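Which chain is which? They are A, B, C and D, in the order written, and residues in each are numbered from 1.
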């Protein structure tokens, strides 16, 4: 049977543009689908660089104006892989044009924007997804299965960290191509929207909604040279953020993120403590899940380090053989798999824009709480 | 040269009475001192049990009334190893009688009581110390040395957890001999005074004073049968507590404790992130220190797992040989070593009652913050 | 500048055929080269399956007779990814036809065959390489760099294990598609040629030649049903093998491999102890290197766990960003990178067929020693 | 009921003298027994040092001639804690005098001597034990329980290492008080009798007898200054030793020991692979046992790290509470516990001298095999 073509228009050729392109290129080698992904066009302002990217990654054409890309009839899906301040406008335009949309995280600069994006895709009834890729690490999916099977029982605690150390030097500038994450105008916030958003998305998926939050943020280095203006400017982002929260299920949450934790490159960890069992995971060894089961015989209880690479582990049977580990990039492949299965089954893939909005509600409440030095209720998504 | 006798009167024969007695018995086998510790008397209400304890641990005599013990001329030092609600009265009486005092932690039920205790010992000018024994694990002392040597540079983050799982069952009663820690009248608070107090004491020692805190507490199981009354009664303690804080040095703190973290027996961990280096420690492997040094050559940077058992590691040269690990009980021996060196040098051992008060100020602020749902300033100790 | 085409003819579509194809597909996305790899043809006896494989992996054509494939003018490189008993004939034919050759490991059924293969490729002067992919894990390359920089000093010990547990069941048959590794006629030997060959190849690369060996082998399950004949037949392979050896540099070696080590899926580990430093690596966490440096300050010495994912780690700068780990499949990509760089630089990539022969000499000596119950000299490769 | 006195005469005040004395001092504080240990006398040639030791450890008297000590009526038990070359003469004399004997390991310089010692104690019918203390780490005893319960099923593999790094410097002399282990005349052999003897003792206990061995040894530094003669002399001991073996139960063994493994202080590890489960243990974290159980549900299988500190773990209920780890010295306490229970129950404690002889048979075969470069049968103990 001939496959249906799904023609992709990618906006952005940075780090995420590469990660997504790699996923598009690989998914068909390992996973079956009714759909054939076609790398149809890549769009970026710098035409020469866009051409180089297209050549390297097999995109058939190049655009320099994203509005033209969206207007093209030969594009089915728009992939938004640009800084946060551009997500809303692009996504809303793409929705109006009837395109499917995959949007980088966080969904928007704030929940106001995100609400409009959700309204747009839902009105247009276009398939949509946010690239919270860590949901799709096999070990994290295994955690989700264990929770859904009720093995943890009542949940008491959820804690997550995302620790990095790459902005400790005061000489590091802000803004511009590689450093837009330090520029509040492009990023909206610092670690909260960048790193904690991942932690929050996973948490909402694994442990349900968050009721209220109590946060503190800090900007350790107050001024940095701006790469676009050449001037030393006030730093508007948060360098670090931590918050306490209550989940709707009664469990307590503790979240922390920073780019000033010397020794940690990208250490996203979470731990869940339930009545019967506990789970830990860590991005630096993403192919492992730590599992403690109180139902194990007393004298033999201990944390199990599960090497998530067996045929009966999520996705793993499609890759190599037991003991041979997957890496970071596979999470993106799996997210494409989910998206395609959503198209095939009619049961939309998650996290949808609506899920992304839920995370943005938490992000907003966290930032507001930190600013106001008080507990804030979190707005809940409807439906 | 003949040694000076230091005659100990121990009040309490529970878990801590054993831990202290073991320290008194061993210290002279491994460490040199001008003082000869003499286990002179143990005091407890149950005379028969006290006699058994005295026989097992080599105490020369028994008392059943602690006031009589304190009144004895042949006792130099009173060791208070009883539930928290008894500390203040005993300590103040002992101070008035001119006895040296070693008191179990937390120093008191609250900082009001603790202030009176500090006043009493300082007025009486009696040597005093609180049994925050984890300060004296060799790996923790090594951490202290590294910080004092300036190797971490400016500190950005301090985080500590103390996770246990022994009260998850709703069938566990509260109160009485083994379970006084669940009875708010005997313990004053739950995990905050019991477990977080350890974390706070270490933090104040390693990272200086805490400015303000923002806490949440939870009591997961609201009612438990009380062993003394036989009735189901409201549980007054906190089962879990987490708080955000700012240290005086500008670093951010994150603390959490619970008795509902399935899979963790007594997992006290802390991590400190500085500009140049980071440190991690964990009570479940207390003989190791994790060390990350950014000054290491770039491609060879990594967390080092230091097996703290070498001759040049704190205290270790007095024990066995490299590679042969110490355990939990040695922390108490080392605290006795510190106390004796304090007597010899005239530079009082730490943590003193005044240090214990500093921790109680934080504990009080944490509990107040949790109750009031807002940030609370922490009262600072003077002098 | 236009790239030179390098047209690949792959023989075999099994597990290794997939691993190689994935490497061919990805290498150009991440690494620059003068060469453009073209997946020209895949060859297998089952035409339908070959077509499916070609479709999935983008091979332009299909062959069912490997001799025809080799005879084709539009093929530059033959990749041999079939059971061991077919390597020699195919490779020699391909060499005669002037094709470049990439051959799966071990190079041959025994060193006699391997010698002929070496003679053939060297006579034909065709580029050649053996797929000992673990050499090309970034952490292993880092180990090689450290050794070459002289950081370990004189080497005292080399030990390696390759532990699996997938053949413990007596119900597992031997022979046929998925289980040819249990059939001595297809595999030549058991764990010695399959797993220890990897360990030996790495060791020869990192630590130089092996002088003599002293081995024992065991076949725990003596008879298994043969999938091709349907009969219960004697098992001719070794289930486990261990050997002692002396390296030419005076260090002692200890190697072990088995498929009966419950709990280990594919645990290839090695450790090297030198005068100044030691190294450990482990395939189950292949993105880490353990490093102990005696030159570190005494009280801070410890094993460092290096997360090999930084920009200055081998190959890593071409992939993602620090902290985001690579996986198993990347080792194959890197081997293709090396091969292409060999073509460009004129300095042939390693391990060459001659290197593969060196490993086969050790394998032969090991098997002979085990059979004869005595030490055996290892034949050394010339040149 | 009054306890029976057991009056100890200790010969030697070195490292082991301290470890034993500590065990004698502590055992009564934590374990119940009919016996009251009395530190009656310590014997050493240097009277002044012996007096200091007696004072520190509470020995009631001092001897400088071990024959006089053995002759004393007020001594019930002779503890031999001196270099290996003195064990046989002392033990045989003590047996003739009807004393109970605890002897440091290895039992003797060789099995010839050991046979005489066994004959002596068995003829005299005196309780006897060898200080192979690692048997009595709680985690090792737990391993023994699991094996005895049949949980591992048929055993396929046993591997053990004992790695140290303290003799790498060529400037280290041999002989004399602290360095008698480097002097073949005092030690009999190097790592084989010192370190591998521990590994062998544990293996015989856990996995039964060894049938044959095939060994290699190495002396990396051929000459060292001798502290007693002041001259540079040939080094007679083995610096490193590795051997292959077959156990009587059909499993394969692999043992290695060295003092040239940079980064390892005293890393004794063993691993056992059975049909159904596997076990790992490691002296550097002696309070943990690694356990893999194939009977666990497939997708949740993983190595469990058991923190051996619970009330139902061997010996642990007598010490502290769950999560609070024991250390090195406790293994000696437990061995005294076993000895006393042997006296009480009439079922002699193990390892007896006869068990020590079994280890010496293996040691002898290993050294003979290394010298002869061939497999050697191991003599089996009778009875």
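The working rule: a contact is a pair of C-beta atoms (placed from the backbone, for glycine too) under 8 Å apart; a residue touches a chain by one contact, two chains touch by 3 or more.
These numbers were taken from a predicted model, which means no experiment stands behind them.
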item	value
Other chains in touch with both chain A and chain D	B, C
A-C or B-C, whichever has more C-beta pairs in contact	A-C
Most distant chain from chain C, judged by the mean position of its C-alpha atoms	B
Separation of mean Cα positions, chain B and chain A [Å, integer]	42
Chain A-chain C separation of Cα centroids, rounded to whole Å	36
Euclidean distance of C-alpha centroids - chain B vs chain C, Å	55
Junction residues of chain B - those touching two or more other chains	264, 301, 303, 307, 310
Sites on chain B touched by chain C in the complex	142, 146, 289, 291, 293, 296, 298-307, 310, 312-313
Touching residues on chain D, where the partner in the complex is chain B	15, 18-19, 21-22, 25-26, 28-29, 56-57, 164, 166, 264-267, 283-288, 307, 309-310, 319-330
Residues on chain D engaged by chain C in the complex (per definition of touch)	156-157, 159, 163, 165, 168, 214-216, 218, 220, 240, 242-244, 246, 252, 254, 256, 258, 260-264, 273-278, 292, 294, 301, 303, 373-375
